[in-house]
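All chains are identified by letter, namely A, B, C, D, E and F, in their written order; residue positions are counted from 1 within each chain.
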Amino acid sequence: MTSSSPFTGRDLLCLRGGRLVFQDLDFTLAAGGCLTLVGPNGSGKSTLLRLMAGLLKPLRGTIAWDGVALAQDPEAHRARLHYVGHLDAVKASFTCREILSFWAGVRGVADRAAVDRALAAFAIDTIADVPGRFLSAGQRRRLSLARLVAAPAPLWLLDEPTVGLDRASVALLEGAIARHRADGGRVVLSTHIDLATPGGAVLDLAAFAPAEDDEDGAEDAA
Amino acid sequence: MTSSSPFTGRDLLCLRGGRLVFQDLDFTLAAGGCLTLVGPNGSGKSTLLRLMAGLLKPLRGTIAWDGVALAQDPEAHRARLHYVGHLDAVKASFTCREILSFWAGVRGVADRAAVDRALAAFAIDTIADVPGRFLSAGQRRRLSLARLVAAPAPLWLLDEPTVGLDRASVALLEGAIARHRADGGRVVLSTHIDLATPGGAVLDLAAFAPAEDDEDGAEDAA
Amino acid sequence: MDGFLSMGGYAAYVWSSYGAAALVLVGLLVLSLTGLRRVERTLATLEAAKPRRKREPKVGPVPTASPATETAP
Amino acid sequence: MHRFANPARFLKIANAVLPWAAGLSAVCFVAGLYLGLVASPPDYQQGDTVRIMYIHVPAAWMSMFTYSTMAVAAAAALVWKHPLAEVYAKAAAPLGAGFTALCLLTGSLWGAPMWGTWWVWDARLTSVLVLFFLYLGYMALVDAFDDPARGNKAGNILLLVGAVNVPIIKFSVEWWNTLHQPASVFRLGGPTIAASMLWPLLLMAVAFQSYFFAVVILRIRAGLAARRVQTLRLGQAG
Amino acid sequence: MLRLILRDLRLVLRQGSDATAALMFFVLCVVLFPFGVGPEPNVLMRIAPGVLLIAALLAALLSMERLFQGDFEDGSLELLLLSPLPAEGVAVAKVAAHWLVTGVPLMIVAPLLALLLRMPVDQLGLLVGTLALATPLLSLIGAVGAALTLGARRSGVLLPLLVLPLYIPVLIFAAAGLDAGLSGLSPRPHLLLLGGMLCGALVLAPLAIAAALRAAHE
Amino acid sequence: MLRLILRDLRLVLRQGSDATAALMFFVLCVVLFPFGVGPEPNVLMRIAPGVLLIAALLAALLSMERLFQGDFEDGSLELLLLSPLPAEGVAVAKVAAHWLVTGVPLMIVAPLLALLLRMPVDQLGLLVGTLALATPLLSLIGAVGAALTLGARRSGVLLPLLVLPLYIPVLIFAAAGLDAGLSGLSPRPHLLLLGGMLCGALVLAPLAIAAALRAAHE
């Protein structure tokens, strides 16, 4: 994990479904930093996270890691990020351990101990051999979060990671984020509830919404 | 809305996927009451709500409305309940208003004003003519909640209704629940976050976990 | 004229070919024209519905907004 | 090329071209029909059925031309994100489907007296049929998505994949032996007859081509207007 | 119930291409056979009724898969089952909408395709009549299968497996009726049988569908 | 990539019925024709190669629909696209797994069914060879369609519409090869053509699939 390279977005403008979601948005995230995205429903938190992951492309502006735009080297960017979205990628017929080792394996970690550590980190080691179809909403989410710990990656992108988690699990997640940041990792997360991210920055997306009468920009661009 | 009939569950035992979820569970809910289900992930909150809706049958025990077991008159029970689960039933190609009037119509409310009131109650009147495909996670959830207001029904069963909602919307939901209760309605909801339900009861499902799984529960909570 | 219409005994084939061609070409033209009329009418009503909001920013943000589309990556 | 990226500038040019294209098309149709139906003699082998050629061959050429331009537009849209390219492909598709249907229909009508059958499953006819279904598939795919941008993208990929079919149509008569004659129309009855049949054929070809340009401009205008309507609706709602 | 049918029809119209696409599949499928079998006209004519029916069957089968799937996945079905409507009513409404959207247009195009396959013109009435009995049967039986495989792991391959054996009797009697007509015999007994099956299915299928839908939500 | 193939194979084995069900569909489909067409042996023999190929095609088509769907809906595909694997690698792995699970077993059963339809024994080698070229082609082309229709509204009916026209040439050349074999001619030119198409598809299809998958996640 390199420590000096900043992860930045400059002058971002994003359209979704032909509509302007946000504009003139900038962010910078140094190693060990945490950026919490807040804002009302529909303000573009999920959209920004997908931009950061490279799943979407901004209509204007660039996102860069250490000065290199994502579009120039998408493979390298993919190798360095973990994305946890609304969907949990839990297969009904695989056990928790099988699911986790597959995802660790995809990122090159074939180590059984690492998988066990990750299961323990989110207190799902007791249900490690239960198949996916029997999991409750919060258990699935915890399994999804365990991927973060199983295979290390410097950038975590978490879209409402606390959804469905009970309080004990929220505390586990806060701990995992703190350890990751202490190791020089960085985290971007969106949330509607309070999550302890000491020393982290907050980005309120409501501030970048297009002005009420500015919609002509969106029209022309579409 | 009758006001004296209690909604009760007695001695409930529920198996799911061959595993005991809870046992010896009792509850009573009088008119105007609110029952908040809490408990760690996997403790059976969603399961209990589906039992109350009649989607699942308990292995032992009975759920009754005014002394009449649900199994004896499922139609009458369906007519008196609203269920909001994890899924939002939002069709991509219909607008918010069309979706809401359909669900109101299914419950016999063909009144356009009622639909407009419901949209306003969750602050989605500004996007009433936007098709479902363009909604963000929180907007979909608000649309789903608006069903509660569009067609009145005495019993609301809400499974983690605050998921995805921003703070302003959570306040709107609290208001809707309070008004419903003031009119003699009753509410059962599950949640992991704090929701203001003045005078409501709390049911901690961890207390009804089967004995031999107790240690698992403890670990889960840890 | 009769000889012209009978097409050397192949009238059915020749004239149905030309008939089909006329049908397809005129049909597509009419469909395109009516489609165009329809959207242009809705566009006109929509733009008429909110003239106030549109006029003011026309001076400012529009020039900056349209180059954005041209330099799109 | 980028000068046309701006819809307003495109519209200005297109509106200037439109009357000329429409006029040229009308003139060529009148002249071509007169020459083809009245002035030109029947072929000594095929009799008057040869007049089907003046529809069949231009329609066949246009079906391939339209698809090729759509495929180029698809590539432009995918690589350079050219905003007009998708509008063009969408506007041209029904026209291409129409031309292809005409080619199939007139071919069948020609085949019935000449080959004694409406249809054979040989390489030329089959590949044209596949082209027809590619057009239909493209149109169905593009509006099968909730997000129009997504539909356009899927459609573009399909157009590029289907582009392999165009050379197959063109060279099918040379690669496989089929009932359909190779590109030999000009040899049919010697050079003197060729001239009298060549003129109506070329006139009709120009007529089809300019008809295509005129109508596609109308359709592009409709497509651009529809986009504006959609954004206005969304802007109003939000 | 009427509201549900209307909503389903509106859904199809709004989302555009369902009716046309199932129809398109039917046409494509009929067109496919000459490729595989060869273009000999007498062979084609001989197999025309069978091909038309098999294509109708496959078109019904394919469009069937999504019959409940969409409403199941987005939670609409759950809500419908919890609504005051009886589950059987929901089942009937969905099947009726499916038939209106696939069966009816298919009946309209079938005569044209039959002409292409050189079926005699005087048999077209019989063809439409047979399809009028067969297509609702296909919708009803298929819906039972679709409801049963709801939430199943590989419903895409499981559904044909369940439904095809039940479709075979329909296919046999419909084909027998058409063949009888073609060879100058009376198709009545076969049509009566089909009608009997349709009556039976109209009574039984909604019950089975409703039970399967409820089971899918346990 | 190997890991992905193995995982997909394991998924199929674990969830049981995929391979067997596609196969079952193939068998059922072949068995269906005598019902629709009538049991006359000479007619059956005449259409045997076509029927076998059409059944293989439909089996491939039906199992194709779920190829990416499951991974798309539960978010796995999103994660795979965000993993260090190139998108083309993901595409190749999924197609390879699909072929191993449907194409290969089909090649094994086909000779038995051909015998039932009274195909001469000395043609079975040719049949298997043709299928060995045709089934991977079907998988590759179908996967392009499946990726393109991902997230489309009526993918169940749209997919056949897109894919069948592209399947037609495969069907034609495979059938022509078999027919040539049956009538004592050399099937080589047709098989060479199929082989050429396969090479082309091996190069082009993964690119198209990868592009379509990326577009599906915009």
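Here is the rule we use: contacts are C-beta pairs under 8 Å (C-beta built on N, C-alpha and C of every residue); 3 or more make two chains touch, one makes a residue touch a chain.
Bear in mind the structure is a predicted one, so any value in this text is a computation, not a measurement.
Participant: Under the touch criterion given at the top, what is the topological distance in steps from subunit B to subunit F?
Facilitator: So the least number of steps between the two chains is 2.
Participant: Please indicate which chain is farthest from subunit B, where distance is taken between mean Cα coordinates of the chains.
Facilitator: D
Participant: Across all chain pairs, which one has the most C-beta contacts?
Facilitator: Going pair by pair, the biggest contact count turns up for E-F.
Participant: Looking at CA centres, what chain is most distant from subunit E?
Facilitator: Of all chains, A has its centre farthest from that of subunit E.
Participant: So subunit E and subunit F: same face meeting same face, with over half the numbers shared, or different?
Facilitator: same
Participant: Rounded to the nearest whole Å, what is the centre-to-centre distance of subunit A and subunit D, using the mean of the C-alpha atoms as each centre?
Facilitator: 47
Participant: I'd like to verify one number: the distance from the centre of subunit B to the centre of subunit D, where each centre is the average of its C-alpha atoms, in whole angstrom.
Facilitator: 57
Participant: With centres defined as the mean C-alpha position, give me the subunit A-subunit C separation in Å.
Facilitator: 45
Participant: Give me the residues of subunit F that touch two or more other chains.
Facilitator: 15, 73, 153-154, 158, 161, 164-165, 168, 172, 218
Participant: Of all residues in subunit A, which are in touch with two or more distinct other chains?
Facilitator: Correct list: 17, 19, 57, 86, 92-93, 215.
Participant: Counting only residues that touch at least 2 other chains, which ones in subunit D make the list?
Facilitator: Residue numbers touching two or more other chains: 121, 126, 129, 133, 136, 140, 144, 146-147, 149, 228, 232-234, 238.
Participant: Going by the contact rule set out above, which residues of subunit E touch subunit B in the complex?
Facilitator: Against subunit B, the touching part of subunit E is residues 3-4, 7, 11, 14-15, 73-76, 78-86, 217-218.
Participant: Enumerate the contact residues on subunit E facing subunit F in the complex.
Facilitator: 15-18, 21-22, 24-25, 28-29, 32-33, 35-38, 43, 46-47, 49-51, 53-54, 58, 62-63, 65-66, 73, 153-154, 156-158, 160-161, 164-165, 168, 171-172, 175, 179
Participant: Residue numbers of subunit D touching subunit C in their complex, please.
Facilitator: 2, 5-6, 37-38, 42, 47-49, 51-52, 55-56, 59, 81, 83, 94-95, 98-99, 101-102, 105-106, 109-110, 112-113, 211, 215, 218-219, 221-222, 225-226, 228-229, 232-233, 236
Participant: Under the touch definition given earlier, write down the residues of subunit B that touch subunit A in their complex.
Facilitator: 16-17, 19, 39-42, 46, 86, 133-139, 141-142, 160, 163-170, 192-193, 216, 219-222
Participant: Which residues of subunit D touch subunit F in the complex?
Facilitator: 78, 121, 126-127, 129-130, 133-134, 136-137, 140-141, 144-147, 149-151, 153-154, 157-158, 160-162, 164
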